[in-house]
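Naming follows writing order (A, B and C), and every chain is counted from residue 1.
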Amino acid sequence: MAFEPTIISFLCNWCSYTGADLAGTSRIPYAPNLRTIRIMCSGRIEPTFVLKAFREGADGVLMCGCHPGDCHYHEGNYKCLRRYHLLQKYLQQMGIKKERVRLEWISASEGKQFAALANEFTETIRQLGPCKIKGVMETLT
Amino acid sequence: MSKETKNKPKLKLAIYWGAACGGCCISVLDVHEKLFDVVAVADLVFWPIALDVKYADVEAMENGFIDVTLYNGAVRNSENEHMAKLLRQKSKILIAYGSCAHLGGIPGLANFHNKEEIFERVYHTSESTVNKERVEPVTSYKVAEGTLSLPEFFNDVRALDQVVDVDYYLPGCPPQTERFVEVFMAIVTNASLPPNGSVVGATEKAQCDECQRKKTDNKRIKQFKRLVEVIDDGETCFLEQGIICMGPATRSGCGYRCIEGNSPCQGCYGPPSTSPDPGAKMMSAIATMIDSNDPDEIIKIVEQIEDPAGTFYRFSLPGSILRRKLIETQT
Amino acid sequence: MEEKRIGVYICWCGSNIAKMIDVGRIAKETQKFSNVVMARDYKYMCSDPGQETLISDIKKYKLNRIVVAACSPRLHEPTFRKALEQAGMNPYLFQMANIREQDSWVHIDREYATLKALSLIKAAVSRVYHHKPLEKRSVEVNPATLIIGGGISGISAALEIANAGKQVYLVEKSDALGGITARLDLSFPFLESVRQMLKPKIQQVQAHKLIDVFLNPTFEDITGYVGNFKSKIRQNGPEKELLFGNIIVATGLQAFNPEVIPEYGYGKLPDVITSLEMEEMLMRGNVITSNGKEPENIAIIHCVGSRNSKYHPYCSRTCCSTALKYANQLRSMLPDSNIYELYADMRTFGKGCEEFYSDSSRRKILFLMFDQEEGLPNISKAPQNDSSEMIINMHEKLSGEEIEIPADMVILMTAMEAQNDAKDIARLTGISLCSNDFYIEKHPKLDPVATTTDGVYIVGTCQSPKDIVESIAQAKAAAARVLASIAVVNMEVEVTTAHVNEDVCCGCQTCIMVCPYTAIHFDEEKKVSVVNEALCKGCGTCGSTCPTGAIESRHFTDIQILSQIEGLLKSEKESI
């Protein structure tokens, strides 16, 4: 069977989740591989969640927040940005390609952009193939 | 010794080392003259570093014969695993003693490599090795006298609770001897013990609670520095000097030994129970302290953290969410 | 520990969900999850019978956790939370799975959409297991209201509130009240004088004891939260501290500058004027060209900056009817003139407006159609001895012909656009902007004047282009919302705030610097951080910053989110 990536996405309530809802109300179809978790602000996203997602079998993790300067809580998205870069470095060390995690800004009006991002990121992960960190300890001991 | 403890039957105590450096056993020996108190209330029934008791003797014990086993060291090979399972069976209380048994410890850093890479390095490419025949350890080897066997070297290092159920964890590299004595005496005196699975001999609060350095909310970092790069005044919070200190993400109980020695905390006591992963919370906090909103500058500052995995998971890689490096050539 | 008894309700939303997702199969599968006592699918969960089923099930099966898989939680989370309350449950023991906006509406493969829905529901079930009841908190609402913007919207809202006996602070950035409405001559479609309508309103505002007007003031950051906002204002004199419970933003619009459209020559050709410049002429009562003559040929060009991907994609809504208004006024003033309406589409919606259009078409006005994408009409100076001053070249869409129109005066129906400082006001008040910099309402249909920040309302053209009637309707709607919140006295506020576990907090103080609301302070005695929950807005940034794990982001706790991740990733065969 062809590989279908499983992607966990974290969307902030005010911009990105609303943007994703707008893709829905505008009936813009996109890849069904994204599974979304709504948080209030991208500033709530912490590395633990991303690691957990990979550990439980995600092939990619997408984090979305409001555009710089537009955060509903002023600067939460910048906090997310800082964590994202350190997390990528850590993931790389752990043998997980940094391209498997992505941070993008999606505003409440960017339904079209969200759908395009979902498609494009799904394709990126499809090219990278499955992430095998899940179960790697169990099977090899 | 109180009367109460004197009249009680003596406790049977075992101490074992898995993949360990020996420091944990030394920390037990560091009770010094208090050793007499210990042996007054406890019989040491198994302790490879100090007593000539064979594995077969342990195997011969009844299940639950040992009251308390302190297992130190990680689980690296089949011998460590076998002994972990055996001692679990024979012990009423199994304590993961020290960082390695607790979360994998320093030996756990081997999880950045797989077995093949480690063998290649150790038996072939290390500078002092001459091994033209490319001899590598095998688990069994026939010689004229019979078959010799060696434990199997596993691909991964595991913490003790990834192999058997653990009753308590006594963290530290090594655990502070006073903490061991307190825990031991609590068991001896039948003091009410915390629920199974608890960390003992350490507090729920992190290092900063005890740390005497001056702390403010001004933890904005433009440049991460190594200790040699600053003139430490001995008073300012390490983080506020741009030095990564694992203090706020590490339980206290050690008496902030490193910090008092003007060296930042490295995290050997492990995280408080509120952390789902031993390094990720600190990683999040450190990243948040980066004083920039510009992606390029952030990347530059992040680059100054040479080895995030080794920094945030120095003592805890096997016990972390990801547990080991993914090496794609693995089948 | 209490036994968790979870009820799961899968909504068909008519065919909106059921068409793309096998709801029956999902209900059957969901029934197998651990702790799920009841799983059913139903045609419309948000309908009265849908909610009644939920309420009666809660009682009958002693359910203590509820999952509804339906539309976006942004739409109906409040609805179902209320239903839970009616059934005697804490409203936070509830989780929604968004299987409409983020599933059935965006996927085209029924199997994938169904599997995705199942995974979203699993995640919701895993999460809701860890939900804790949260106690509602309320704050006393300061009965004063700050209104930003003294145009027709701001004035209408101010009078509505003040006439109900409540204090209003009306802030206007220019030095006069009235806004853009004060620059209009007549209104459409009944051609009444705007001035006669507006002037008494302004006088009422100025005379009202309960309205303090601040013209051209400087004012500082607004701090606080719904019910208790604070700001400092200065208007030629000492600084004054204002306390207020609600904010109405009525900052209005600005006119599009047509200089950027090369075809129209605005700024170069003296007799190409904007609609606002036309209003000025009409108010003065004489329409003359730059040579001081009465124009013989007048062209009115629609959609200047509107409905054009190069400028603004949206329709400015009022220009078509305003253009007809000019044509009618000019026809009366200059009975011998030729009047041309150059339009892209005629959009005369609204009461009396279509009739206005058909009446106008009988008044010797020539309607010519152009296509924005094929090319705009081009205005150039006429040759020396031509009878008119300018020539307009255009492709007339209906006849398909290239035509030349003589013109002595051209009126550009310029678009409405968001104010240049829309972003600043948005930041000051915590409003979000859409891609055109208009303010975003809380819900486009169900909550059109509220914003995502409690206690902040948007009215008039700062939200989107609209006419006077619509602006006033919004102003009065917002006033009603404000008065309702004042009438309640104690208003419910955010309960999903951050909380410091004092037994774990080590006092590193990292959280203090990241709070955007300075809601965290350090308790020197206890040596721990403390959250002022009245100031906390629940973004969760401190929770994800705390290196110790001592801060709990209520309703978005680690365990809740981690369980949700687990639920999303459990393979189909694994039970949860």
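Everything that follows uses one rule, which is that contacts are C-beta pairs under 8 Å (C-beta built on N, C-alpha and C of every residue); 3 or more make two chains touch, one makes a residue touch a chain.
Note that the structure is a prediction, hence the values are computed from the model and not measured.
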| item | value |
| --- | --- |
| Closest chain to the centre of mass proxy, which here is the mean CA position | A |
| A-B compared against A-C, more contacting pairs | A-C |
| Most distant chain from chain A by Cα centroid | B |
| Between chain B and chain C, centroid-to-centroid distance (C-alpha), Å | 55 |
| Distance between the centres, which are taken as Cα means, of chain B and chain A, whole angstrom | 33 |
| Euclidean distance of C-alpha centroids - chain A vs chain C, Å | 27 |
| Junction residues of chain A - those touching two or more other chains | 46, 48, 52, 75, 79, 83 |
| Residues of chain C whose C-beta touches two or more other chains | 514, 544-545, 558, 562 |
| Touching two or more other chains - residues of chain B | 276, 281, 284, 286, 288 |
| Of all residues in chain A, those that touch chain C in their complex | 6, 8, 13-15, 17-18, 20-21, 23-25, 27-30, 32, 35-41, 43-46, 48-49, 52-53, 56-58, 66, 69-70, 72-76, 79, 83, 107-110, 115 |
| Complex contacts: residues of chain C adjacent to chain B | 501, 503-514, 522, 527, 544-550, 558-559, 562 |
| Residues of chain B that touch chain A when the two form their complex | 112, 114, 154-156, 158, 162, 276-277, 280-281, 283-284, 286-288, 290, 292-293, 295, 298-299, 302-303, 305, 307-309, 312, 320-328, 330 |
| Contact footprint of chain A on chain C as seen in their complex | 72-74, 98, 100-103, 105-109, 112-113, 115-116, 119-120, 123, 423, 430, 432-435, 440, 452-453, 496, 514, 516, 537-541, 543-545, 553, 556, 558, 561-562, 564-566, 568-571 |
| Parts of chain B lying in touch with chain C, wherever the complex brings them together | 204-209, 215-220, 237, 239, 247-249, 252, 271-276, 281-282, 284-286, 288-289 |
